[in-house]
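After the structure tokens below, expect a handful of questions from me.
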Amino acid sequence: MTQHSTGTSITFDRATKTYPGAAAPALDALDLEVEAGELVCLVGPSGGGKTTALQLVNRLVDLTSGDIRIGDRSITDQSAIELRRTIGYAIQQSGLFPHYTVADNIATVPVILGWNKERIRARTAELLELVGLSPVETWLPRYPAQLSGGQQQRVGIARALAADPPVMLMDEPFGALDPITRVAVQDEFLAIHRAVAKTTLFVTHDIDEAIKMADRIAILKPGGKLAQFGTPAEVLSNPADDFVAEFLGAERGLKRLALTTVGEIVTGSSDRVGAGAETAGWPDVEATMTLREALSVVSAAQAEGAIVHAGGSRLGEVSLHDLIAPPTAGEDREGVRA
Amino acid sequence: MDVVFGAFPFMIDNVGLLLTKTGDHLVISLIPLLAAIVVGVPIGIWLGHAHRGEFLAVSVTNIGRALPSLALIAILIGFVGIGMLNAMIALFLLAFPPILSYAFQAVNSIDRDLTRAARGMGMSHGQVLLKVELPLGLPMIIAGIRTSAVLTVSSATIATIAGSGGLGDVILNQVAYGMEGVVAGAIWVAVLAILVDQAFALLLRVSAPAGVKRLQSTSVA
Amino acid sequence: MSDFAPAGDPVIPDYGQASDCVINNGAFCTDWFISQWSTVFWPPLISHIVMVAIAVSIGFVIAFCAGLLAYRKKWLAGPIGIAATFLYTLPPLALFQLLVPFTGLSLLTVEIALVCFTLVIIFQAVLVGLSGVPDDVRRAATGMGLDRNQLLFKVELPLALPSIVSGVRIATVLTVSIATIAAFVVDDGLGSPIIKAVSSPFNTQFIGAGALAVLLAFALDGLLVLLGRVLTPWTKARS
């Protein structure tokens, strides 16, 4: 489903930024390619240069040396302002214009680009549906002050997508949301990304968020150097060095379990559990749960496994052993993930 | 233009007169100002500390701003009659609003977290006021006095119609002093107002507690 | 303009049948006030409104442009602020008298002085308003590709409106008050009936005119508040 064929790539080519008066570069010769349609999360501790890297792409900050290309075109090929109008940009506080309605906020770039009113109206409605704000009519005339944090962020995303830019930049967009809202908006965004498949560079300091959202993760370390670049599974299984291992944290193994759902392993696991196994006292889990969540449930129940359900019907069983050492972990995230 | 040039010889010839008038001017300005400070600052601080009476403070400011000094002095002539007392009452009523409202804001707008922390440490209301609120609020209180002082010196010029004396006597009396005299008087009172303003500006800079960059505004309203 | 009570006119007018209130110079003779409204109070009120309107409008244009300039070239903010504050500090009467040798006993003198007093207030209001635009809004706008002018006209100025309106309100109220002093220069505005009645003194006339000045200030302030609400519909919206 995540066909990496729409959109345009972002390529960092030995991109370096040293701020005036600083002894060391904030970003040091970064070589990175975000493939067309891919969602790459830039993570790292503060001072790692991840926000700098993002801001270099839309030239809010200028390169000291090296190049960045969108598609095969260098970002210095056109004026910064022209460039920015072709890039979707979403930030942490959403930066919605308080004096514009939701409709006007979303229409900002299309208006500047000179779209006609009918096209703008249709596009705005389409986007509000996409970010889950419907019925559209109730949301259009509202002002940002009348929206919750989560709603504001969704409008921010809609605004970033408005002119259908080939690439998206997101700077810790969900950082200011409370944990419950954050999960909802993350899920929402993943659904959007699946539908729209825009090349997205997503900065976050939250490694769990990166693992959940990213197709690939790029870890930057202090000094602005790239420590590792790979899929979440690769990074969690094989951290490139001590820094990465530490950054991922001691629960790295458990985090890896969050990449697979119970549904993906239930068939094989049920076979191994066998028909006549003693499953009394085993708790119920949903097929959509990650292995990590299921492990948590099984641990709380102090059982040896769990019974798997989906949509009301029983699919099978998973053993504790398979939860911890899943047979097909991390290779493919497609499967029974509703 | 000659008139303006003529003003300077006038000043030289009439230094005594101008100085006397300036002295009177300062007297009729300072007494009401001091009275306004004595009354207004404590009330403002008290209201600000209690975080009450914001509406009152705002209304008093608005009325004070809207009240023309000329009208006030004239009305007082009707009730109090001519003389220094009239002028002083009028000037007091004009000086009072800015002092009250700035003093109120100075204490009211202090970060509640600070005062809460102080109370939490066991400070009494009086100690919070003395050790936290006043030092932090002092610049704004002085800013209010500054605004009021300039206003008072300014309005005292008009007070002359109530027979109070001061430089207004010269400025409004072209018959006696000629246009040169009028311009001379105007220059003197203008300089006086600027000096008063700058004196308070200096005081303001000195009063800000070290390490606190709080009120840096030159806000005049 | 040397004396502040025109010589010769009896100020307590005897229109044949002065009421007891007038003869005794009571605090406020409503009957006289009403009967003399159209001759004594209405014309000065109108000319007062005109004086204020001209002064605030011109002052606004100058201070607004100065504010925009100081916003673009930060180094100008200090000098302009100091100059404007200097003008504001001068006692109105002194400023009037300093202008008279150059521009005479005319409305021009009055207007120049009145404009001077509005400048620092509006200038600071413009600067404070523009600087008060939230950083994330500015960042998002720049990141989306708004150029400098679009940022100013679509985002910064609208968001600065509440502060600007507030400044214009304060300047207007102040101008209404100071314009009473204009009567020392020209026989116009609400200061005129006040001055004329002072020497007698005739209470009703200057109390009436004074009260009108205060009411006018509040009325204009109220109008500007309404204007402000119309211009900033988003400030009313609350979730």
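Chains: A, B and C, in written order; residue numbering restarts at 1 for each.
The definition used in the following text is that a residue touches a chain if its C-beta (ideal position, glycine included) is under 8 Å from a C-beta of that chain, and two chains touch if they have at least 3 such contacts.
Given the structure is predicted, the values throughout are model-derived calculations rather than measurements.
With centres computed from CA atoms alone, C is the chain lying nearest the middle of all the protein shown. Set against the C-alpha centre of subunit C, every other chain centre is closer than that of A. Separating the centre of subunit A from that of subunit B, both taken as means of CA atoms, is a distance of 60 Å.
One inter-chain figure worth recording: subunit B and subunit C are separated by 20 Å, centre to centre, where each centre is the mean of the chain's CA atoms. Subunit C has its Cα centroid 56 Å from the Cα centroid of subunit A.
Of all residues in subunit A, only 58, 60, 81-87, 89, 91-100, 108-109, 112, 142-143, 145-148, 156, 159-160, 169 touch subunit C in the complex they form. Within the complex formed with subunit B, the residues of subunit C that make contact are 1-4, 25, 27, 81, 85-86, 88-95, 97-98, 100-102, 120-121, 124, 167, 170, 173-174, 176-178, 180-181, 183-184, 190-191, 194-195, 197-198, 201, 203, 206-207, 209-211, 213-214, 217-218, 221.
Put simply, subunit B touches subunit C in their complex at residues 1, 3-4, 62-63, 65-72, 74-75, 77-79, 150, 153-155, 157-158, 161, 168, 171-175, 179, 182-183, 185-187, 189-190, 193-194, 197, 218-221. Those residues of subunit C that touch subunit A in the shared complex are 134, 136-147, 150, 154-155, 158-159, 232, 234, 237-239.
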